[in-house]
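So, here come the structures, one by one.
After this come two complexes, each holding chain A, first together with chain B and then together with chain C.
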Partner chain A sequence: MSEKRGFLKEFNKNRTLFLMIAPTLLYFIIFSYIPMIGVYYAFTNFNFDGGLFGSEFVGFKNFEFLYKSGILWNLTKNTVLYNLAFLIIGNILQIVSAIFLAQLASKFFKKTAQSLMFLPYFLSWVLVGAFVFNMFSDLGVVNTMLKQFGLQPYDFYLNPAPWKYIIVFFNVWKGIGYGTIIYLAAIMGISDELYEAAKIDGANVFQQIRSITLPLLKPTFILLILFSLGGILKGQFDLFYQIIGNNGLLYDATDIIDTYVFRSLTVNFDIGMGTAAGLYQSFFGFVLIMTVNYIIKKTREEYALF
Partner chain B sequence: MFKTKKRLSLLLVLSLMISLLAACGGGTASNSPGSQGAEKSANGEGGAAEPKLEKVKLSWYLVGDAHKDQSKIVAEWNKMLERDLNTTVDLKFTTWNDWKTKYNLLLTSGEKIDMIFASSWADFYKLSKQGAFLDLKDLLPEYAPTTWGNVPEEDWDSVTVGGGIYAVPNTNPEYTPLGYVYREDWRKEFGLPEFTDLDSIEAYLDAVKTQKKVIPINGAAYENVNSLYKFWNDFQLIGGDVIGATSYDNPRDIQILPYTEEFEAWVKRMKTWEQKGYWNKNALSSNQEAGDFIKTGQGAIYWRNPSSAGGFINEVKAKNLNMEIGFFPFTRFHNYVIPTLPSSNAMAIPKSSANPERSLMVLDKLRNDPEYFNLMTYGIEGTHWAKGEDDKTILIPAPGVNLDETPRYSITSWGWRYEPNMKNEKGGWDGLDALKEEFSPISKPDIFGPIYLDYAPVKAELAAVNQVFEQYGKPLMLGLTSDVDASLQTYRDKLKTAGVDKLLEYIQEEANKYFDEKGIQ
Partner chain C sequence: MNVQAEKWPVARKANKGSKIKEDKATIVFNVIGYTLLTVISLVCLIPFWLIVAGSFTDEMEIISEGFKLFPHTISFEAYKSVFTTPEQIYRAYGVTIGVTAAGSLLGLLLTSMAGYVLSRKDFMYRNNLSFFIYFTTLFSGGLIPWYIMMTKYLGLKDSYWALILPPLVSAWNIILMRNFMKSIPDSVIESAKIDGAGDFLIYRRIILPLSTPGLATIGLFLALGYWNDWFNANVFITSDNKYPLQFLLYKILSSAAVLRTQTGAYLAANVVPPAETLKMAVAVVATGPIILLYPFVQKYFVKGLTIGAVKG
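Coming up: the complex of A and B.
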């Protein structure tokens, strides 16, 4: 009872603020919470007559296909490791290039570099997939070059090993411009006074970066990591699908949950099984983000998301 | 205040995470049978009793791609429809790219569709059982009387599921066995005999590779090899790519094919083919069709059925490419052919349709009225085709039309084809008629296609087995693994883990049920 009174009081006090947040809340209720009812599809054997609630309830049967082939562990591992690699390598490179750009004096060069780095972000994965095919196929750029130098050509499409690096490389390459801008904005927000004070104390550029820029970027870094962690079990479907496609030879190293689910369901279209896979990913993303946030909260409360 | 803010941000994060999931689960189809029934009867009475029909806009879907001039043709069609039935149709296409995913989504999303292409190879039976389509049994005699009368009884049987008629099959008996189109001029140049068996095909591939220095099966090779595999071994696959009868004459001998000796011999032979360079090492990743390479002189073989082979050959001729193309149907390996099931090309009405009656009336017109049929099947007269010397013959391209600017009109008209309205192309490939004559005496009924499988008890196993097939079966088929024995062993083991035995049991059971019913031994 007391809580309710507390909320009413709160509401009366900040009526305008509540009004301002109302559209956002409404948006999430309509587009995120109400459709969540669809989660129930994961537990039914769908048919068109019954629809959502009229279809037969089958419990966890729809989840069976995920572990039946015994590769759920490999898929989950691939998905998580790829995302961690994207996250860590991507963020480090983004921070490094943001710091470089911030230190540059020439405005023209700074702008050009920024634009060039941002450009790949706008390319679709379909195009990138075509680049990759033309680079690594039998008669592709790489093999033609190897032959020119008198070296043995390498059959990229028969060996899974190099693809881990190719995929990480292209993902980082594509995302670097976007992340750099976020970090650059954070760096620009750092007060000049701090740097001036450091200079007066005789700190060189590297010392300034280590003691001022990096510590002050930490909140941004943690926030971005936390946001990404929730999606760590969701692979970037288009990236993997466009680059690897139907080449089963490469699946050991490159198959992620999303591509696996896509292949299963294009052969045997089934709403229940598709939703089951989505639920599996979301549930673990949820658990993961709660855990990490909890740990951060215990150690450094000011950085925690909530 | 602070607490509330925290709670709100929690909410925000939660919603962000869940929004993706929601995108998967959303789209609750609202098809309550009650409201639809009411609409139906109201509409039905209006349609039958009144000569003047109320104006209706229909939405139709076809699989595949639209033609460049599609909007012109549909506009023409709509003029006729408005005149005769006071109806307009919005004709939409799935495009061939990921068509199956789109097709399934269209049906599940509850989009209002009044007519859609349906086929046994587009899960017609499964979808009908799940209730995706409307039962037309009572509507047909009233709203499509001509069609109801001219479709043979046994064709209606083939689209009947659990007592209901869920589609209108086309009436165009054909044979569509697979085969190879190939560079016939090169075969003559090499002085090689015509294809009769695997050895003669290998000799040809070898000559193309060594003498012409051309990769014979260029681009995406998988289907080219897979179709040869099925026909050469006389394997009759049932439901998927792994399980099937070992031959037409032993329908009850259903096995897991990768466990057979024939399969082992086959993949070993394919390994030698791969080593000799009959296809590329990136054959599984390539998205280019082998046929496109033939047209540019960089390939020699491409899998087609007789009518698409005809299309291919006609195109090569019309473009004046300097080459002679032959066609070898794989039916010559075992000397029999199975006709295409009527249910493999049909039109169905999804449950979401608001005007099923009108839609059937349009279909009835489209199938049986030559004016409608010609327009939608062959395009605009004078632009996409012209009249030949008699009513059964047409000219493509029409005189004075350049095929590079106005490509031939070939949309998926398969669903409404009606044999008496079909036309032959003048100067087209005459092989098609010869093949028809070759096929009719050796025709045997399709005893595998109608086996009804919905996989309900083995869904998980099916999905898992298909994964294993994709990952291990396909590369093995193309000889792309370094150690065939080892990868064959892996493939077999993985199939076992995926539950292939349970799937086999299910398929055997269903097949035997069907064979018992039809008295097939």
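Coming up: the complex of A and C.
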């Protein structure tokens, strides 16, 4: 009762503020909170006429199928391994680029390199699809080159093997500028005095990097890695869909949870199964991010998310 | 190596401008650095070159030999073809520009109002509501319940609103905006209150003008998201006169849609109508504005990233 009065009092005092944030709250209620009820589809044999509660309740049957058919394992494995590859290769390249960008003397070169590296971040994934088409289709640049060297053309669309590398390449390619900027900002925050002192002690540039830059980048690095690990079940739908599309021959090596859910909705019309895979992803993603946040809170509280 | 380094201490920042002989380690470092960054920059650029080169190649050369890094022929046929019957492209441009403008402005309004309310330290529920918004990034019902909400319950299938609403407000943007606004000193708000200004007036007259860098950054993030969006059109839009630019490009690339060009003109002239080169030309036309604006807006994005990175 007293709490309610407290709310009313606060509401009357700050009516304008409540009104200003109301549309945003309504937005999240409609587009985020109410759809959460829809995870119930995961436990039904969904039919379009029945809708939310008119469909047959089947318990954990959808999950059971996903698990026993091996689909869930394959999707999880692909999603996690791709994300790990993105994470490791991406971060290493970003740190190396940031270190060089911070130290090189030519301002013009630095500016140009930074601009070019950040450019892919601004492009749509559809354009990445256009690159892939230009390079790897029958008439693509790669096949043209193979023919020029007198080699047999290679049919990329029939072979899953190269796509792993192509996918990792384009992910790293698109994110390198973004990550480099974040690491560069962290390096710029390091006090010049440390480097001056190291120079007086006779440390060369490599020694400075090893004993000043890298150790001081470690917190940023660990933090970014931890947060990425929290999201490791979230797949990059745009990337996989624009590069692979609906080419069933390549699914074994390239199907992730997000592409599977999307296909359940648009190709197979298997709402129950798709929602189940999505709920699996959301649920374990939630557990993971909570764990990560707990670890960060224990060790470096100021960096915790909440 | 160590001995040498002691003999010639590195002249990093202390000797800026003066020409002091650099030590061996620095020379090695510079050679590696300039080479590596040049290579990475070129790799970032090459795909563009391929697309632009492809769009200016003669269709016959592509069909007989394939796409090349350096084509032998130059042809403007693909662009001519795009711009002799440009209605479809113009239409898609119109849709994209309209959706981008409407969505960015509306999104900016909602985001800035929410950010302002959550940044007010005298607002009792700011932490609860922040978490209410933030929680949506931690857990979601997934794609399918959201899709059913959009189509079955809101009836947004094939509606422009299906393009505007999904990217409109995001928890990240609100948090970013709140952090921008938190840096405005309380005393400014307090003195305005004493002068009798209401909460909305403070927002409009004081907070917004002081937050222009934040507004620019988030506005540009929103605009970029709208411009590059193809996903929402892919799941919601069914009639092709409502296709935004990126989705039209996607359809043309996947050959699901053929750009309506005057193929009739080619039959008589005994020339192959551009098809493969046309795809590349449409890609160039769809990306052009981003490339043209990029040099001017880059700094706002960098600013947004660094602030977001520092304060989470």
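Note that in this section the second predicted complex is superposed on the first by the 209 of 306 C-alpha atoms of A that agree within 3 Å, B and C clash if a C-alpha of one lies under 4 Å from a C-alpha of the other, contacts with A are read in each partner's own complex, and residues count from 1 in each chain.
The rule is short, and it goes like this: contacts are C-beta pairs under 8 Å (C-beta built on N, C-alpha and C of every residue); 3 or more make two chains touch, one makes a residue touch a chain.
Here the structure is a predicted model, which means the values were calculated and not measured.
Look at A:104: by the touch rule set out above, it reaches chain C but stays clear of chain B. When the two structures are aligned on the shared chain, A:65 is found in touch with chain B, with no touch to chain C. When the two structures are aligned on the shared chain, A:275 is found in touch with chain B and with chain C. Once the two complexes are laid over each other on the shared chain, residue contacts for A:158 go to chain B alone; chain C is not touched.
Set side by side, chain B and chain C differ in how many residues of chain A they touch, and the one touching more is C.
Once chain A of one complex is fitted onto chain A of the other, the partner contacts of A:249 are limited to chain B, with no touch recorded for chain C.
By the touch criterion stated above, A:45 is placed in contact with chain B alone, chain C being left untouched. When the shared chain is aligned, chain B and chain C each come close enough to touch A:286.
After overlaying the two complexes on the shared chain, residue contacts for A:208 are found with chain C alone; chain B is out of touch. Touching of chain A by both chain B and chain C, each in its own complex, is seen for residues 10, 14, 21, 24-25, 28, 31-33, 35-39, 41, 51, 133, 138, 245, 264-266, 271, 274-275, 278-279, 281-282, 285-286, 289, 305-306. For chain A in complex with chain C, the touching residues are 10, 14, 16-18, 20-21, 23-25, 27-28, 30-39, 41, 51, 93, 96-97, 100-101, 103-106, 109, 112-113, 115-131, 133-135, 138-141, 143-145, 147, 173, 176-178, 181-182, 185-186, 192, 195-196, 199-200, 202-208, 220, 237-238, 242, 245, 258, 261-262, 264-266, 271, 274-275, 278-279, 281-283, 285-286, 289-290, 303, 305-306. Residues of chain C that touch chain A in their complex: 1-2, 5-6, 9-14, 23-26, 28-30, 32-34, 36-38, 40-41, 43-45, 47, 50-51, 54, 62-63, 65-69, 110-111, 113-114, 116-118, 120, 123-125, 129, 131-134, 136, 138-149, 152, 154, 165-166, 168-169, 171, 174, 198-200, 203, 224, 227-231, 235, 246-247, 249-250, 253-254, 276, 279-280, 283, 286-287, 290-291, 294-295, 298, 301-302, 305-306, 309-310, 312. Listed in rising order, the residues of chain A touching chain B in the complex are 7, 10, 14, 21, 24-25, 28, 31-33, 35-42, 45-52, 61, 64-65, 68-71, 133, 137-138, 155-158, 227, 230-231, 234, 244-249, 251, 255, 260, 263-271, 273-275, 278-279, 281-282, 285-286, 289, 305-306. Against chain A, in their complex, chain B makes its touches with residues 1, 4, 6-31, 33, 100-101, 104, 107-108, 123, 130-132, 240, 280-282, 284-287, 351, 455-456, 459-464, 466-468, 470-475, 480-482, 494, 497-499.
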